[in-house]
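Going in written order, the chains are labelled A, B, C and D, and every chain counts its residues from 1.
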Amino acid sequence: MSDFITSNAEGPIENFFNVYDLEPMAQKVIPKGAFGYIASGAGDTFTLRENIRSFDHKLIVPHVLMNVENPDTSIEFDGDKLTSPIMLAPVAAHKLAHVDGEVKSAQAVHDYNTIYTISSYSTVDLPPVTEALQGTPEWFQFYFSKDDGINRHIMDRVKEQGIKAIVLTTDATVGGNRETDARNGYVFPVGMPIVEDYLPNGAGKTMDFVYKSAKQKLSPRDVEFIASYSGLPVYVKGPQSADDVERSLDAGASGIWVTNHGGRQLDGGPAAFDSLQEVAKAVNKRVPIVFDSGVRRGQHVFKALASGADLVAIGRPVMYGLAAGGRTGVKQVFDKLTSELEMVMQLAGTQTIADVKNFELRDNPYDPGFGSYNPDALQLY
Amino acid sequence: MSDFITSNAEGPIENFFNVYDLEPMAQKVIPKGAFGYIASGAGDTFTLRENIRSFDHKLIVPHVLMNVENPDTSIEFDGDKLTSPIMLAPVAAHKLAHVDGEVKSAQAVHDYNTIYTISSYSTVDLPPVTEALQGTPEWFQFYFSKDDGINRHIMDRVKEQGIKAIVLTTDATVGGNRETDARNGYVFPVGMPIVEDYLPNGAGKTMDFVYKSAKQKLSPRDVEFIASYSGLPVYVKGPQSADDVERSLDAGASGIWVTNHGGRQLDGGPAAFDSLQEVAKAVNKRVPIVFDSGVRRGQHVFKALASGADLVAIGRPVMYGLAAGGRTGVKQVFDKLTSELEMVMQLAGTQTIADVKNFELRDNPYDPGFGSYNPDALQLY
Amino acid sequence: MSDFITSNAEGPIENFFNVYDLEPMAQKVIPKGAFGYIASGAGDTFTLRENIRSFDHKLIVPHVLMNVENPDTSIEFDGDKLTSPIMLAPVAAHKLAHVDGEVKSAQAVHDYNTIYTISSYSTVDLPPVTEALQGTPEWFQFYFSKDDGINRHIMDRVKEQGIKAIVLTTDATVGGNRETDARNGYVFPVGMPIVEDYLPNGAGKTMDFVYKSAKQKLSPRDVEFIASYSGLPVYVKGPQSADDVERSLDAGASGIWVTNHGGRQLDGGPAAFDSLQEVAKAVNKRVPIVFDSGVRRGQHVFKALASGADLVAIGRPVMYGLAAGGRTGVKQVFDKLTSELEMVMQLAGTQTIADVKNFELRDNPYDPGFGSYNPDALQLY
Amino acid sequence: MSDFITSNAEGPIENFFNVYDLEPMAQKVIPKGAFGYIASGAGDTFTLRENIRSFDHKLIVPHVLMNVENPDTSIEFDGDKLTSPIMLAPVAAHKLAHVDGEVKSAQAVHDYNTIYTISSYSTVDLPPVTEALQGTPEWFQFYFSKDDGINRHIMDRVKEQGIKAIVLTTDATVGGNRETDARNGYVFPVGMPIVEDYLPNGAGKTMDFVYKSAKQKLSPRDVEFIASYSGLPVYVKGPQSADDVERSLDAGASGIWVTNHGGRQLDGGPAAFDSLQEVAKAVNKRVPIVFDSGVRRGQHVFKALASGADLVAIGRPVMYGLAAGGRTGVKQVFDKLTSELEMVMQLAGTQTIADVKNFELRDNPYDPGFGSYNPDALQLY
């Protein structure tokens, strides 16, 4: 490992009123190149910006007199009772945000009690993360090797940890044009032990190099192979259209993960939340749907659930919470979104997550011309 | 009561050309925390900003050669002749804006002659407000207690005052995420005598605490209870959809109050004016409709009336007028909106409020990309 | 007359590349209050701004290989051969912009050869204006008196001048809320000789006073009265809807003038160009249509003609040209718009104004989010 | 030739991460007037700005698990194997950007291997450009003379060079109102040898003069004449509607070139990319379609191809690359767009350009309110 130095903070984070607050805090304690890598998007950042903005395309019309009190955010998923449908997205390299990396975030996810998705590009190896989770459900996000022998080896290790599902990332067979990284001359400062068989000495490599080390030529056959070799449910991460849903389900996918990789891959594509509407219709409740990309508010979680998501994953906010407050900080992020979700549920007249999933949003025919969160337009006093 | 010090102004307010002018004047004389509480909205303030902006979704196409002169804004409502359909919304804690609080605003409403809605969180008790009104019609806005004994006691007192209607607020069973208050560490500096049975020592409490002291689990049964116990007409304040209208009317509501609480409760919901269109269609003239949220102009009043409202309530502008000019200032606010309304009526070709209510607005298919009032875009010379 | 001092410029204007350039030039030579009166709009200036912006709602798709060369902007109207369909709108009080007032602008309209509309609030009396026009067609814009005797007297004088049509303004029975004037404490510094019978000593009066001196209670009967007493064609200035067209034509109008008074009267109403589409459909070529409000470009003239206008009137640009360059300046304004119109005609593939009127515009389903002319967004180098 | 001095740079260009980066670099090395001429647009620059912005009207929904690796951007066109469908648009006067002018850009197009379109207003004569191309396919863009004898002479010379197609520009029979040039008092500093028979001593002339020296009265007959006299395929450059497509094809056009001249001609018209949708439907694969105007990204190339273009031409970026890096710089521009296109093809799940052309884009019902590239809104770190 390199001599990369980043935050070693441990919370509680002060002056934290919403998860947007965390970005500037994190920027102060994460080195510039690493922060740019985490925060930035691809190309013109159109898709990055549309991700948050798109939540305004659907409106929550409150229902009143609904006999609601202390709404319950908890769900049962795949046999586990979770605090809420908010889970951890597979974010690479938590050590960019905190010296202890994935161990801290896993401890926090345990504290909160939801699903942890470990990235192939985790900067901590599988066993210590599983250990930190202490039985909290864990999924594995797979950046597939070109060598099936290596893939089998990785899956063998994954199964040893008792991991419950495999998430195959399909939208990143090459890196998007993340020009912030290029301008910063950014190279990965930390190695990635899980994939060291096909990506040895990951530290010092560009993201382009990292992506190209993985397999480009993904096909339905890879889904079948993972499903049959691992015996685990496979979530295909990437479909944003009905076609892709069918291709994935035909190949044996057990779930669909709607995302645009946080606006980091294909710029000029739709906001993930806009795609969720079409995907949910295509899936038609045959398998679970996970959603990520742009979630910064309890109301975003609510809208995603009401649009067909079963689980809602967060990424950057967790990295920022990790940088600003370590284990405690990550827990605060989940708690903040949960308390916002509870408030929205109460005001919308929904007692349970099942009620939220049945809630009908109203289309917004007007384009608000500003994002959901626009500090310049925000009316603060 | 705390040693909270705020404005003791008494008008007339100078340099007052529209009600927007009052906000910065008020900001100068109200302490920061209290001003933030009055002015700010929930979450990303999306809904707060859309409230004003949404009036541009409908356009007034003038009718010419309509034989109109000196248009008449007056209406008769529930047996009372009122100067106009513009009435006072139930705003909490007028003492935040002026040392004499609700007494001054009640005097002004008497001077103007319209309906005064006293809030449960009034900082002046019921009798002095009723006294200041000198027979001007008064409604009571109810934050419901968890204890029906207390509710009965409050209703007994309300009836003693000769109050003519009860307004049940249903969109605020918990507080919205008003982050300005959180950032300011704001606590209520003044007590609320009407609800002291269930909220003793309100001064020093956060708004969250205040809201949680009231009943969360509101249901149609509560509407029935108020109607039957009080014998007064009950306005349900909160419905923004046809479903909620039906639920409220089935429970015995005598009127529907369309609002989103001035953008202070559920952010990510629709502008109240946009909801008014749907509510009016659902109500279909069975009961009166009151509208508030975002009204800053005579043309807004006109558009709300033409969209189905029978009464149009204002809140923040009154608080600002109270801070900037006391009794006189509040009267000036009503007079300003009334003279603007008269001008709009004349130019639109409508002689009476009945004409306004029959006026057909034109849909605006274009989103103007700026609010109705945008100081930066405004062409002043 | 007061001792009001304004521009006495005589052109040619330098550094004049489009008519927008003239506004800041005029602002330098016209006193603040008078300039504010000319330039500003009503209320939130929403309608003022939409006037220019709305031209982007329709697009000119060029037609190529159309065998066009030296396109001909001239038209014949009511027996007169005019240089183009661009004519002068009735603007009050040209002496606000130039010491010689309407005399200079009439000379320029003669030089250019189009229709001059004299305002009832002209600061020069009828005879010298007619004289300056030297036979160029002249129309009279009528602010109607409450006293029909006075109206008859004015019409007698109008007919003496050989004026060819009367334009009855119906959208200004009271003044719009022009807050710039209110903030500037603006009073009219110059008297208005044509209406001195009902508005003596106009100098020193507010616009509100001026408007209220005229008749509010306009009706179809007034159109009939003017038509029958004067025997002249009557253009009703104000209709923006099919209803108003029918009411006007039923009363004997010989033409419809689509306008929103340059955004100076009813704020919150539609852009005049948007209304033109509906009016043209309703008129269906039964009578001529004049259009004004927001015209600043040759392409605007083209779009108005292609949307059904027969004549396109300009106001503020003429006042700015008058202030910046007197008779020569006003002529330059007409010439600039004409040369722009010629260029657009050539590129659009239209040889004659008749071709332009048959040209089909393309709807723009996208709202550009910026006005046709946005100095901040403009790409200049 | 005048003593005009401009860039003599030879690359490689440093700190070049996307083609937008080149504009400010070029601005530093090209004299102000010439840079303004290259960069600016007509009128209010509405159409100029919409050109880039309009690519957001269609979205690329990625297709995953498509078995794609190392996508192939090459195409065969008219018997030539090209590196990609990205070709050079006919840009006038490359010597404005670099002292060696078209020679350098032709060498770069040879290095890259695509189609070079030489402008009638080339500042280098035909033979040296053809020589620099060394057999790389060359097209000739024709500004038609009023004198058919001259036109025959030009075509004779064109055929001598072995040029493969003639492009007749039809959207520039007069110059657009390029006010930047007018404000800069810009005159062409360099002569144009190809058209010296009808435009001798071009140096020192305004663009208006240049355009007016060519033929205005273009008609289908001119297309027929070029086709029959030259025996070469004729591309009509200018159609943006179905009508114009039919008129061109009826006259014998062998291809349609969709453009709005980079927003330099008719302001107030549609974005070229928006017109491409209608043109492609009208052409219905009968002849090839070339597209230009606003292409700055690999995703723009992808979207144009998926909307019916067979070739996508670039102009300003080449001029900027030429100014910033000469032959190497121009090659870098083509390489950058190609590598972006490859990335988009990989992420979209398209192996070949044929796949791209069959790709279905998703309509974007929301207007993003900002251009594809908005430096102010861009999230860089």
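Basically, a residue touches a chain if its C-beta (ideal position, glycine included) is under 8 Å from a C-beta of that chain, and two chains touch if they have at least 3 such contacts.
Bear in mind that the values here come from a model prediction, so they are computed numbers and not experimental data.
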Chains touching both subunit A and subunit B: none
Of all other chains, the one whose Cα centre sits farthest from subunit A: C
Between subunit C and subunit B, distance of the C-alpha-averaged centres to the nearest whole Å: 41
Subunit B and subunit D: spacing of chain centres that average the CA atoms, whole Å: 59
Numbers and ranges of subunit C residues touching at least 2 other chains: 367, 369-370
Chain pairs that touch, as defined at the top of this document: A-B, A-D, B-C, C-D
Subunit D residues touching subunit A - in the complex, by the definition given at the top: 15, 17-18, 55-56, 59-70, 297-299, 302-303, 340, 343-344, 346-348, 362, 364, 366-370, 372-374, 377-381
Subunit C residues within the subunit B interface of the complex: 27, 32, 35-36, 39-41, 43-46, 48-50, 53-54, 57, 170-177, 179-180, 182-184, 216-220, 222-223, 236, 238-241, 243-244, 247-248, 251, 260, 265-270, 274-275, 367, 369-370
